[in-house]
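Chain lettering (A, B, C, D and E) follows the sequence in which the chains are written, and residue indices restart at 1 in each chain.
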Amino acid sequence: LGDDFDGIEISADDQIADVEDVIQESLWDAGLDEDIEIRILPGDFETDSRLADYQSALDAGRGSPDIFMMDSGWAMPFIIREQVLNLENELSDDTLDYVKNDYLPATVDTASDPETGDLHGLPFFPDYPMMNYRKDLVEEAGYDPEGEDWSTTPMSWQEFAEVVEDVWEYHGGPDGDYDYGFTTQAQAYEGLSCCTFNETMTSFGGAYFGDHENLFGPTGDRPVTVDDEPMYETIRMMRSFMYGPDADDAHPDYPQISNSDLVEFGEEEARGPFTGGNAIFMRNWPYIIPIHADEGEGEIGTMPLPYGVEEGESEYEGAGGPSHALGGWMLTVNPNSDATDDAVQVLEAFANESVMLTVFEEQGNLPPDPEVLANADPDAVGAMGPHLDTLAFVGENSVPRPVTDLWPEQSSLIYQEVHDAYTGEKTPEDAMADLQGQLEDSEQ
Amino acid sequence: MSTEDEHPDLAAQQTATDEPEIDRGLIEGWAARMISNPDRAYKIAFYTFTIAFLVTTLFPFYWLFMLALTPSGQFGRDSIILTPGGFDPSLLAEGDLTMGTNPGAFIDIFTTVPFHRFVFNSFLIATIGTVLVLFVASLAGYVFGRLQFRGKTPLLLTVLIVSFFPPAAFFVPLNRLFNRNFDVLAPIIADGSLYNHPSSIIIPVSALYLPLAIFILMVFYAQIPDGLEDAARVEGTTRLGALFRVIVPLSAPGVATAGVLSFITIYNEYFFSSLMTDGRPENWAPMLEGVLRFQGQYETLFNLMAASSIVAVLPIAILVIVAQEKIVSGLTQGAVKE
Amino acid sequence: MSTEQQSDEGSRLLMRPLNWLETQTEAVYAYFLLAPAFALLGVVAFYPLIQTFRFSLLEDQTAAAEAFGGFVGLDNYIAVLTGNARVPRQFIDITTTSGFPFLEMGSPFLRQALFVTLAFVIISVFFETLIGFGQALVLDKDFKGNRWVRVAVIIPWAVPIVIQGMIFFLIFNPNVGFGSDLMQGLGLFGSNPLANTRDSFIIVTVADIWKTAAFMALLILAGLQSIDRSLYDVAKVSGATPWQRFKYITLPLVAPALIVAMLFRTMDAMRIYGLIDSSVGCSTVPSMTCLVIISLDQTRRWATASTVAFLTAVVIALFVLVYLIFLRDSGGEL
Amino acid sequence: MANVKLENITKRYEDVTAVDNMNLDVEHGEFITLVGPSGCGKSTTMETIAGLTLPTEGTIEIGGRDVTNLPPKDRGISMVFQNIALFPHMDVYDNISFGLRLRKYDQEEVDRRVEEAADIVQLEGMMDRMPSEMSGGQRQRVAIARAIVRDPDVFLMDEPLANLDAELKVHMRTQLQRLHKKLDTTIIYVTHDQAQAMTMSNRIAVIDAGELQQVAAPLECYNNPNNLFVAGFIGSPAMNFENGEITEDGFTSKHITVDFDPAAHGVDVGQQVTLGVRPEDVHLERDQSSAAAATRTFNVVTDVLEPMGDELFVYLLMARDVEASAEGRGEGQLLMNLGPDEDIDEDQDISVVFDREKIHLFDTNTGDAIVHGLQPKSVPEP
Amino acid sequence: MANVKLENITKRYEDVTAVDNMNLDVEHGEFITLVGPSGCGKSTTMETIAGLTLPTEGTIEIGGRDVTNLPPKDRGISMVFQNIALFPHMDVYDNISFGLRLRKYDQEEVDRRVEEAADIVQLEGMMDRMPSEMSGGQRQRVAIARAIVRDPDVFLMDEPLANLDAELKVHMRTQLQRLHKKLDTTIIYVTHDQAQAMTMSNRIAVIDAGELQQVAAPLECYNNPNNLFVAGFIGSPAMNFENGEITEDGFTSKHITVDFDPAAHGVDVGQQVTLGVRPEDVHLERDQSSAAAATRTFNVVTDVLEPMGDELFVYLLMARDVEASAEGRGEGQLLMNLGPDEDIDEDQDISVVFDREKIHLFDTNTGDAIVHGLQPKSVPEP
């Protein structure tokens, strides 16, 4: 029953595999050699398992698949280890130029070797979070998001919290119809260290490793800066949100706008109540928008994430101001493939506006070239249409994750300590001090 | 031969009928009857236990079923306890037979992905693996259970050592081994490597399950009276023949149990199968891969996962129903005069 | 010389090696029959284990394509045993102090892989055995509908671990399940059981018991079924009460099967991972295998993973020793 | 007082009626032996008494108490099983002491009794053997010891001596009889061994196809069998039978005539009867003095001789033209029992007489006995 | 040709020597019976011949071929096991036909043979019973059928008739003898039943504690036992023994004297000897004519009477002051065998004689036989 497909195999995910035909067509339309067929494999369900999967494929020198779709959260180690094809000499100069000049810079950074700057992956689509809210409820409570231009004007956390408290209160508070004024992700998982904590503390002017130029290394030669005030602020604020301002180690200035369920929430747990009409504000990724359009209650509005301190008020270069964790995926080529040339051709074809648009329309996956987003016709992109402005703003204010070869283990150290501080098992000071020590150890 | 059909029934009926009950309170009378008739108390305790077992083992399933019936949008609105989320009997009056639930989940799992193919893959792999395990373990179990020879204990311990290690401990070397291209295999298998080939799941999983199977079979084979093996050998079997014609059938409870355990293990295997196939049903991706298809990077279709898990458990339920005749066959009775 | 019919040529050829075997000594025969099992284990288990052991003596290398660096001897072992390994949760993390009791936990009890695993093993195997035995005794009886009860009791074991984890995860999920509210109502759990080490530990343990009691039940049931019923007749006539029949006939005769079941349950429980991963997560309840997988899949510290795997095996070996002593005493073959 | 009373006991399996409406009254202290062909229901009867099988119908009393629904342990019985059924996981000592330990006898008492029982069955010094390490007879002796070590009211013993050699059998026989006297218990016994049945029992219960045929003292059964079945079953080798008809002069068959007065023996002329005579009641003509009252002489031919050492069985054909059926004794065949040194050859013409007083007549159709022993003829023979 | 030859066969278990340096040569077509006390090694010998146990030492030949290391299936044997060992998961038909099916006989042939075998053991109509649904005797018959359904060169039968009733035993005995003749096979047989051993076998091999005592024709063993053990073991009830000393006049013991010429019998004056006489060779004084040559009269007292129906066992005390030992026959006790109707009572003074020609003398110390039958006295008695 072996199959003798001899095209290019792309290991991606289930949803993308579903639109294999459309993508194939658009690739051909974008000039891909008609002889080159692609096949999209569903890959593994979870980003962690996919990581393990690719790791073993590359370790064993397996020739398939030809192209990997890698999470920018963990692609860097493969790049550093030179386990994926260096595209610098493979891609045409036009394409290289296009990518390096026009793609969202942060996505290009996560796809390049930090030492040499060589491009190893073609950014496929970026992903950044927004603050989603129930426009209808907010309006009922007397706010005017459109008038106040929430969609592109970030609030401070203080303002935000007060708005949420107010709207929530208007609708009955914790004992009313809505269990949550605000939901976000605070489970002990990768998403906490890479994203929610990262962006929040960055907006408070904090940084894991000092200035943002250190994000991609060099490991060992950069400061560890977690035992620091912005971190405590972030934790205390979150504790206030969850346990109220009177709880231990809570920030007295912020009201309670949610409850402690947040420490068990990942993306889906946060989305559930929101889509189900049980939460008013939510920090989440754009994928929720088409879902909400399908089955959610009420009208959805989006805005940038709030900020802690103004941009530039941070001790560290790059920190402060509204920050949105940059996620996203890139395409890399398996060097063991016996069709690397064809695979590179497929990448070339992906670096094409119409392909990006097709993917955006079909999947809601953002184009890596912000221009494409800006030029997109809101009516042609379905549910995403009303949110293009916010997306553009958020894309400009994104902060990449500090991915190095050590990131996977540092990440788990971070989320465990932060989570301990969130749940109150440790004080913010203790947790961050411990984390400081652990990170310093791991940096050696 | 007498069986367990003791007398409690008769005794219970008799005492129950001639017990004057008029002037006693219900509880008091009941207690008195319990004391005067321990068999009855025993019986009631028995049924209480049975029902308690049933409730605790089945409730999570019931709950899974409720989860499957919950429409995707209904998660998180209110918690699912005894009814699916969104369940509203009043909808029946409006002609909505589903009463707000979503039985369609059981169809969606076959339309959104070829779930049946995943199940088939696992079923086939598990069947072959089980046969392999039972055969190899039978030989070894026979040796350890019935033969005396030097070096037996160390060998047995060596087998056991395999089970000391987390399966992950085998992974890196096996991954390198199984992805290597063996030229000898090239004519048989497309590219000469075992990647995407069912044997790359069957072989490691069978081997890692082997120690348990060997131990189980060893224990059961050891219990078959020597006389029966002797009789078979005199009748004209080889020792191996006696093993498969007499010892194995007589150890039916043990063999069936080892078989069921091994089948279930292989059927549910994920660790090796997810790494040894590319996840496509055509390439022998297993059932669990299908279930997990409903779990995306962000969005998890819990209802479809639940529905597919229920469907995936069905073949095993059928297997258990079939095999249980063997599991409970208590055949050795009166086999030899001792 | 025999007047018996000869089988046809083909099967005679096939019989030849078998006949040759028949005439060999017991030991040769034994080794021959063991060959397939050891061939399989050799390729799939022993060879990888030797490799893995070799890995555990090498240095981790995270920044190069090859995962292993130079030979470092037992350094990895020392790092893991002293709580200095590059893993988010330590295998064992005890420091010595000057005052009584001279030992101090570097991190909480249930945050150390060794201890959380041991606690889990002892509690879960104990209850699984108890409940499994109870179930097996029920299933062994003849009563109306027992075949359905049998299926019902066995079926939890057929649920894939990931699904089982999902069930319990969702039951205690604050949005979907009712478990947290229920347990909080009973005053047993705190507010966020899935984020609380103790509560999560209990959830994982209960989930494991729920699922694997069936495994015990199945094996014990098979053991019960293999007992010659006429022995019960003898015991009854000798005056044994049901309890005495259980104690003197059932228990000793089912002991070999029971001990094998417990032995493998213990070894399995020692290697618990999938259930934790799919329900409460490895950082809340870090088992020994959790550490292996984290170092293997996430941080790509394969030498550390190999080291933890070998230490896990050592811990299991110590437990097994106890069982083997029991097995020998119970008259089992060994 | 431990009498055992079976009332209308019936036990049906799916397609067989193993015990059929059995009524049996065993006195306290009695030694009763159940005998009957293989599969006639002896073991089933024992199991019903023990309480291991519920009778389909009927009630059982032990010691005056209705025990039909009592569990075995409350019936005050102990049992030796036909299939022996030793506990494979216990050594000899543990097997024997099992019942005692259950009753929490103190260790010394247990030791004393086990030793005593082991002594009786000659198993001293084998206390720590496992059943799998013993010979068939040794295992059976353990089973006996296990039953006798307690002192119950009723002993049930199903073929306890089947695997023992002659000497041991005699020894055990004596031992069981002593035990019976000493303990003053009731014993219900099953055996296929005529010698055991005859010597040990107060009464024998003969069973055929689940039905009781005769319950009586051994010699009574031997000498005055109720019916053809009992006559044929008790006594080894079995009684000789000859089918014939009653004439005015007595009995006539194809090969022999025996004359007597039909009226005086309660038979009708023309009735189909079967004449029975035991091998030891057939005498050589020259020894006819040893018969109390000899019949007329029959001329027969010797067929097969079976020397047993202490006696000699001679198979006779009543005429030269009788086909010697190999399937036991057929029509026209006769067995006689001689002293070991009798000088006789195969295929020799000899003359024999029957002992008139030992001749039995049965109704051929119903099988019921009509007469045991012919009366002296009213008209003396010429 | 299927002779069976055991050469120096020894089988040792951890602490027992079950078979001790046994040499036995069984001719083709012979029917040989192994007898001996329980645990003497009969079953072990059979298992060694079958190839189920490897002898510790020695070699086995079957049909001239050294089979010591051949597996059972290649030895051309079939076996009835003492413990029956039916396959519990197969019905009667499958049990019986097992060996045939293994050899791929065609279905018709299998059916025919199974039917024939079932017929021989009288199991017709039980073909689809499971072993657990059968009585002890029925199971045993299935085991026999399973062995005889094939036609091997050598039959090994270990107590095949133990659970059968007298009639069936006789029937099976005849059937086995016919089979033996018809198939011209060698049969090695184990039984505790003297009647079987005496009537069926060409030769008897008497074993004690793993050692061969005598191999000879049944009557030879009965009449000329090699030693005390054989004399005591063969014959039921057993021979009477009296320990004494040789004097000038013959034999003297506490209770009796028998006079003969020591020199003529190869004994020395003063030698310790045991005199043996079988119960049937003890006669009442008034019947002394039936003894070929009577000894002098002994005055004895009757003790216990055991009426067996066809004969009467009388236990005698040689003097009033002899303690009647309940443990078999002790010093000064004597058993005699009378006709069933002999008029005799317990505790009665009677006179008996021995048959001189049936008196055996054994060396008390070595147990070896010295003389069988005393010669007529050279000096006639006054």
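Everything that follows uses one rule, which is that contacts are C-beta pairs under 8 Å (C-beta built on N, C-alpha and C of every residue); 3 or more make two chains touch, one makes a residue touch a chain.
The structure presented is a predicted model; accordingly, all values stated were derived computationally and were not measured.
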Seminar exercise, completed: Contacting subunit A as well as subunit B are chains C
Problem set entry | Contact-richer chain pair [B-E vs C-D] | B-E
Problem set entry | Remotest chain, subunit E as reference, centres from CA atoms | A
Exercise. Which chain would you call central, comparing Cα centres to the global Cα centre?
Worked result: B
Seminar exercise, completed: Between subunit C and subunit E, the Cα-mean centres are separated in Å by 59
Seminar exercise, completed: Distance in whole angstrom between the CA centres of subunit B and subunit C is 16
For this session: Could you tell me the distance, in whole angstrom, between the mean C-alpha positions of subunit A and subunit E?
Result: 96
For this session: Specify, in ascending order, the residues of subunit D that touch 2 or more different other chains.
Result: 47, 51-52, 71, 83, 85, 88, 136
Seminar exercise, completed: Among subunit C residues, those touching two or more other chains are 4, 19, 22, 67, 175-176, 228, 230, 233, 296
Seminar exercise, completed: Residue numbers in subunit A touching two or more further chains are 49, 52, 59, 269, 272-273, 276, 278
Exercise. For subunit E, which residues count as touching subunit B in their complex?
Worked result: 47, 50-52, 71-73, 77-79, 81-89, 98-99, 102-103, 131-132, 139, 146, 150, 156
Exercise. Which bits of subunit E are touching subunit C when the two form their complex?
Worked result: 2, 63, 65, 69-71, 73-74, 76, 103-105, 150-153
Problem set entry | Contact footprint of subunit A on subunit B as seen in their complex | 71-77, 113, 171-172, 175-176, 178-180, 189-191, 193, 195-197, 274-275, 278-280, 282-284, 292-293, 295-300
Exercise. In the complex of these two chains, what residues of subunit C are touching subunit E?
Worked result: 1-5, 7-8, 19, 22-23
For this session: Spell out the part of subunit D that touches subunit E in their complex, as residue ranges.
Result: 13, 35-39, 42-44, 82-83, 133-138, 141, 158-159, 162-171, 174, 178, 192-195, 198-199, 218-219, 222-223, 232-238, 278-280, 290, 292, 306-311, 313, 326-328, 337, 339-341
